[in-house]
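Each of the next two complexes has subunit A plus one other chain: subunit B in the first, subunit C in the second.
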Partner chain A sequence: MKTFILALIIIAGSMLIYGTQDMPNWGDPQSPASVHVSPYYIKRSIIDTETPNIVSSVLADYRGYDTMGETTVIFTAAIVCFLLLRRRDEDEGDR
Partner chain B sequence: MLELLLSKYNYWLYVILMMIGLYAMLAKRNLVKKLIGMNIFQTAVILFYVSIGVKTGDVTVPILPYGHHHGHEQAINVAHYLNPLPHVLMLTAIVVSIATAGVALAVLILIYRRYRTLEEDEILKINQEAGT
Partner chain C sequence: MLRSRYQDIIAQTIVRIMVPFVQIYALYVLAHGHYSPGGGFQGGVILAASLVLIFLVYGYENALERLKLATAGRLCSLGVLIYAGIGFLCLLLGGNFLDYSRLAPIFQVSLPRARSLGILGIETGVALAVMAAMYSIIMDIVNSDTGNGESHAAGHEIENGETSSDGK
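Let's look at the complex of A and B:
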């Protein structure tokens, strides 16, 4: 079983490494991730949101709905932890 | 070949890290070790995204060195700041990974209270004995 898993992982890893041939080079300023919307954020952040920190302006202003969903995730996780870990008196404590 | 290695080695390191996490998730029998493997996997994905935002050359962190009262007239050179978008997305991803780890640890506490063990094969054996 361990050898099967090891073979599976070597196959998956070599396929991923084969796929990196099409990725942009490390630190390429013209990589696809850096030419689409990120120049707009860098240029317009100080004008639109008056915040010098571009990361926080994108997090809380341009993508505020994303952050709202993130707080929903944290709230749900906290509620789930509370519901799972609370003491239930009727269970005679065998959980 | 050496040029390929030097320009893509970050992805290769993250693939190796990701495969370590996947191996821990698949091959380990202890549920806590599986959870640690899941966290290693998530860390590999986060590092991969952050490395996408890197630009070489004369680059600083994406924080402008002036406030909003002045500086509107200055032209902002985009190539002078790192890509802020992967940083923002990974800030969200780190929070989500912490939330999933917390819920998983709560479930592990419940499993330990029920079975008095966290080894996967022992739990399956207890379940089989209870079923027959």
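Let's look at the complex of A and C:
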């Protein structure tokens, strides 16, 4: 079983390494990610949102729906910790 | 053990001096997110760190006096509500969900300025939610397992004291 798992890992790993051969070079200005939406954000961010920090404008404006999901994830984590961990026997009051 | 008060005058004095500055810095990181690295998540975590500092040095009960866990839960919900509420406000004003430019008539500013203010608004909601969530999670984890163990440990210490005095 262990050798089977090891073989599985080696096969999956070599497939992943083989897949990286087709990826664009790191920092390649002609890569699809650099020619599709990035120039739009870089050009339009200050005009559209008056926000010099492009990261902020992308995070909270252009991709605001995604950030709302992240906030909901953190909220859910707090709720789950509350439901699983908080003891309710001794502190019935508002604490 | 973590619930008991950590008796150290040096740590307590340093924390009493540090906490206001930490909180001011958190608000700076939050409000300055438009111009420098930072924003709601980072500012909220630094705010939570100041509360955790109070908890670590002044003790569990003392931290609860500053911010009750029920209040923290409400703040966390309020943060998400601010975010989603701004989104739905834009929807009601005739735009897309989270399209802050529709808020311009309310603030009487230009469209880009309204989007900038919208970003600040949702970052505030994120900061509230993250601060309350981090604080609530840490306090819940600390309080989850120490109830009986603490009293056992205290009893054990007393036993040791008695045996040592008997030994003399």
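Criterion: the second predicted complex is superposed on the first by the 87 of 95 C-alpha atoms of A that agree within 3 Å, B and C clash if a C-alpha of one lies under 4 Å from a C-alpha of the other, contacts with A are read in each partner's own complex, and residues count from 1 in each chain.
By definition in this document, a residue touches a chain if its C-beta (ideal position, glycine included) is under 8 Å from a C-beta of that chain, and two chains touch if they have at least 3 such contacts.
Predicted model only: the values in this text are computed from it and were never measured.
A.B. asks: Look at where subunit B and subunit C land on subunit A after superposing the complexes, then choose clash or fit.
C.D. replies: On the shared subunit A, the partners fit.
A.B. asks: Which one hits more subunit A residues, subunit B or subunit C?
C.D. replies: Comparing subunit B with subunit C, the partner touching more subunit A residues is B.
A.B. asks: By the touch definition at the top of the document, which applies to A:22: first (subunit B), second (subunit C), both, or neither?
C.D. replies: neither
A.B. asks: Who does A:86 touch here: subunit B (first), subunit C (second), both, or neither?
C.D. replies: It touches subunit C, and subunit B stays clear.
A.B. asks: Looking at A:72, would you say it contacts subunit B, subunit C, both, or neither? Reply first, second, both or neither.
C.D. replies: Touch status of A:72: second partner only.
A.B. asks: Classify the contacts of A:13 with the two partner chains as first (subunit B alone), second (subunit C alone), both, or neither.
C.D. replies: It touches subunit B, and subunit C stays clear.
A.B. asks: Touching A:53 in the superposition: subunit B (first), subunit C (second), both, neither?
C.D. replies: In the superposed model, A:53 contacts both subunit B and subunit C.
A.B. asks: One more residue to check, A:41. First (subunit B), second (subunit C), both or neither?
C.D. replies: A:41 contacts subunit B only, not subunit C.
A.B. asks: Touching A:2, do we find subunit B (first), subunit C (second), both, or neither?
C.D. replies: first
A.B. asks: Between subunit B and subunit C, whom does A:61 touch in the aligned arrangement: first, second, both, or neither?
C.D. replies: Once the two structures are laid over each other on A, A:61 reaches subunit C alone.
A.B. asks: Once both structures are overlaid on their shared chain, how near does any Cα of subunit B get to a Cα of subunit C? Whole angstrom is fine.
C.D. replies: 8
A.B. asks: Hey, what residues of subunit A end up touching subunit B and subunit C alike?
C.D. replies: Of subunit A, residues 47, 50-53, 55, 59, 67, 70, 74, 77, 81, 85, 94-95 contact subunit B in one complex and subunit C in the other.
A.B. asks: What part of subunit A is in contact with subunit B in the complex they form?
C.D. replies: 1-2, 5-6, 8-10, 12-13, 16-17, 20-21, 23-29, 31, 33-34, 37-39, 41-43, 45-47, 50-55, 58-59, 63, 66-67, 70, 73-74, 76-77, 80-81, 84-85, 94-95
A.B. asks: Considering only the defined contacts, which subunit A positions touch subunit C in the complex?
C.D. replies: 47-53, 55-57, 59-61, 64-65, 67-68, 70-72, 74-75, 77-78, 81-82, 85-87, 90, 94-95
A.B. asks: Which positions of subunit B touch subunit A when the two form their complex?
C.D. replies: 4, 7-12, 15-16, 18-19, 22-23, 26-27, 51-57, 62-68, 71-72, 76, 78-79, 81, 83-88, 91-92, 95-96, 99-100, 102-103, 106-107, 109-110, 113-114
A.B. asks: State the interface residues of subunit C toward subunit A in the complex, per the touch definition above.
C.D. replies: Counting only subunit C, the residues touching subunit A are 33-37, 39-41, 64, 68-70, 73, 76-77, 79-80, 83-84, 87, 97-98, 100, 112-113, 115-116, 118-119, 122-123, 125-126, 129-130, 132-133, 136-137, 140-141, 143-144, 147.
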